[in-house]
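Step one of this worksheet: look at the structure below.
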Amino acid sequence: MGKFTIGCFASLVGSMNLDFAVKLAGAAMEKGHKVDLWVSGNATMISIKGQRAFKDYSSLEKPLKELMDKGLNVTACEACAEARGYTKDNTMEGVKRHSMDWYLASAFDADRVLHIGGE
Amino acid sequence: MATTKLGFIVQRPPYKSENPKLALTHAIASQSVEVYLNDGDVVTADVAFIGDGVLNCLKDQKAMEQYDLSSTESHIKMGLLVDLNILVCKEDLEKLGLTENDIVLDAEEFGADLKINVVPYQDINKMMEEMNHLLFF
Amino acid sequence: MKLAAFVSDYRMTVDTLERLKPEKLGIILVGNGVYHATIKENGSASLLLNTAADFYALSEDLETRGLSSSSVDSKVKVVTYGDVVDLIFNDYDKTAWI
Amino acid sequence: MGKFTIGCFASLVGSMNLDFAVKLAGAAMEKGHKVDLWVSGNATMISIKGQRAFKDYSSLEKPLKELMDKGLNVTACEACAEARGYTKDNTMEGVKRHSMDWYLASAFDADRVLHIGGE
Amino acid sequence: MATTKLGFIVQRPPYKSENPKLALTHAIASQSVEVYLNDGDVVTADVAFIGDGVLNCLKDQKAMEQYDLSSTESHIKMGLLVDLNILVCKEDLEKLGLTENDIVLDAEEFGADLKINVVPYQDINKMMEEMNHLLFF
Amino acid sequence: MKLAAFVSDYRMTVDTLERLKPEKLGIILVGNGVYHATIKENGSASLLLNTAADFYALSEDLETRGLSSSSVDSKVKVVTYGDVVDLIFNDYDKTAWI
């Protein structure tokens, strides 16, 4: 079993790349891999707490929490988040915030890295 | 003591998505990654501009004057300042009718020693082979 | 109709523009659309400039990208945000952001 | 002088379409036009208060407030905002929130409408 | 007593951007716009799918089953239910190798009377001419 | 290198894929990339399928778009999220999201 670092830079609603990242993280964990998920750029939108779950919009707070409970490590780019008005106070519990070097450190000992760019 | 090599490949133009700028800021973060690692462990970042990505390298970008926003040009200069290996695809510059005169080549005004490397695509391909992981932007 | 069509991409993923047949068409190049006004790919001007239309490129967006007005194709008029407002209100009756 | 309705659906940081919308609104107001700005989809990101103004990111809180002080009417799609975790409490002062019919009502008596889609 | 006609033109496929779905939800909002208007004033919404936008109309979209997300197909049916005029470009369906059998044509299960109109592009062009304002998605 | 390249667009705006020359290439169609596996535009399969590569299409994303596995080109293998994880870990050593 290996370590898998996924970086995603796509927005919460729209391209569905972030949905992809979360589902892939879950599938990798089911196979016993350790997964780090780094969200930067518009993907920091996933880190805000209190997303209202309408069926018309991708709503990832619930699936993300379920995966975090099972050990998914989620870290948001702090500067990208702050620029968008996502402060420490409105960040979902369990999501860490670090500067960009965290992503590179995660990649350091990852067996595989999948970097999913932004829109 | 180990080294992990990351290759940042920028394939899209600036100012339409945040990608090119985030490629540079993430690559620059290789300079501070040691805080998370054991002594002697290193992460290196090489950056290559290919396809329309070479448009990021045009000089005299006035993003700050027009939109109060740092330019991608200034981020490239920051990359040189921290000694990143930055490659620009020669064939793609030519394809878009650009020459070395049109792009940022150094950051001498900030005291950077390194310069941009305008290289044939095959050199970029070789760089990609040598990396441990690739990040396409 | 008199249509002001905004193009904000260099690589377009839709073919809408070539199919619109308004009585009068203005193509306003903004954002990365301004590359159409300056870049000569493989030696040729952008095919977009072959459309039967009046062409405008936003000065602020040219400058942001390091493109000088002197490199703008002679078919294209360089305009400011204020000019774009006047085009929308005085020269066209509908708009399309392609 | 006329009424100009601008709808924008693009995200705060990235495509710069939202920067375009705000600048165009300002230019139209300078020429004496009345401007309504509707933000929906990812463009509701502009409505959150406390965006930190780094030079590396589009930061539109300040220019938007200046234009609102001069009479710009800004309304965010309520459902799009809520789905992204932007609640009434973290909305910038002066930005209204309504359902999508507000945009259509604004277009009803507009002389010109410019609809700027999302990414 | 006045009527303003809005034309919603969807030119891109679903699930890559939010655009097609927002086109439909905004068009459907024409049903409730009266609260903002004087008696007798009306806003109408016509919707046209052109280019790759016709891919929004494919039937049996399983977005809910796979991603817990309402499908664009279900939004089109809602549009029919509130009597929106929905046009689909015949030439573009053919270009992509699709037939009327592949797309949603009605919402009978919800009691909608209206059906999708598969029409030549020139009819969509005519619709655009008749509208007061156009919104491209 | 053995490269797993992800394609998530139907209309591509980059030519990166045709220039990559890994020893082994897998193209994994996800998101709107899955249209390449099914749509025959003007009667022809997607040009992407002419690339020298192994092709995969994500089942979940086909179904989301109303595309049936029976319409998938014979060159393309339909896979699940779990299969994608195994491809990344067992069959390739690097990835590229194009």
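A, B, C, D, E and F are the chain letters, set down in written order, and residue numbers restart from 1 in every chain.
The rule is short, and it goes like this: a residue touches a chain if its C-beta (ideal position, glycine included) is under 8 Å from a C-beta of that chain, and two chains touch if they have at least 3 such contacts.
For clarity, every value in this text was computed on a predicted model and none was experimentally measured.
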Where subunit A and subunit F overlap in contact partners, by chain label: B, E
Chain of greatest Cα-centre distance to subunit F: D
Fraction-based call for subunit D against subunit A, same above half, different below: same
Winner on C-beta contact pairs when A-B is weighed against C-D: A-B
Most widely separated chain from subunit A, with each centre as the mean of CA atoms: C
Chain centre separation in whole Å, for subunit C relative to subunit B (CA means): 29
Chain centre separation (subunit B, subunit D; CA means) in Å: 33
Shared-contact residues (touching 2 or more other chains) in subunit B: 15-18, 25, 52, 67, 133-134, 136
Residue list for subunit D, restricted to those that touch at least two other chains: 13-16, 41-42, 56-57, 59, 80, 112-113, 115, 117-119
Multi-chain contact residues (two or more partners), subunit C: 8-9, 11, 13-14, 31, 60, 95, 97
Full enumeration of touching chain pairs: A-B, A-D, A-E, A-F, B-C, B-D, B-F, C-D, C-E, C-F, D-E, E-F
In the complex with subunit C, residue positions of subunit E that touch it: 9, 11-12, 50-52, 121, 125, 128-129, 131-134, 136
Contact set on subunit A toward subunit B in their complex: 7, 9, 40-42, 80, 99-105, 107-110, 112-113, 115, 117-119
Contact footprint of subunit D on subunit B as seen in their complex: 15-18, 21, 25, 64, 67-70, 75
Subunit F - residues contacting subunit B, complex: 1, 3, 13-16, 19-21, 94-98
Subunit A contact footprint on subunit F (complex, rising order): 6, 8, 30-31, 60, 80-82, 84-86, 88-89, 93, 95, 97
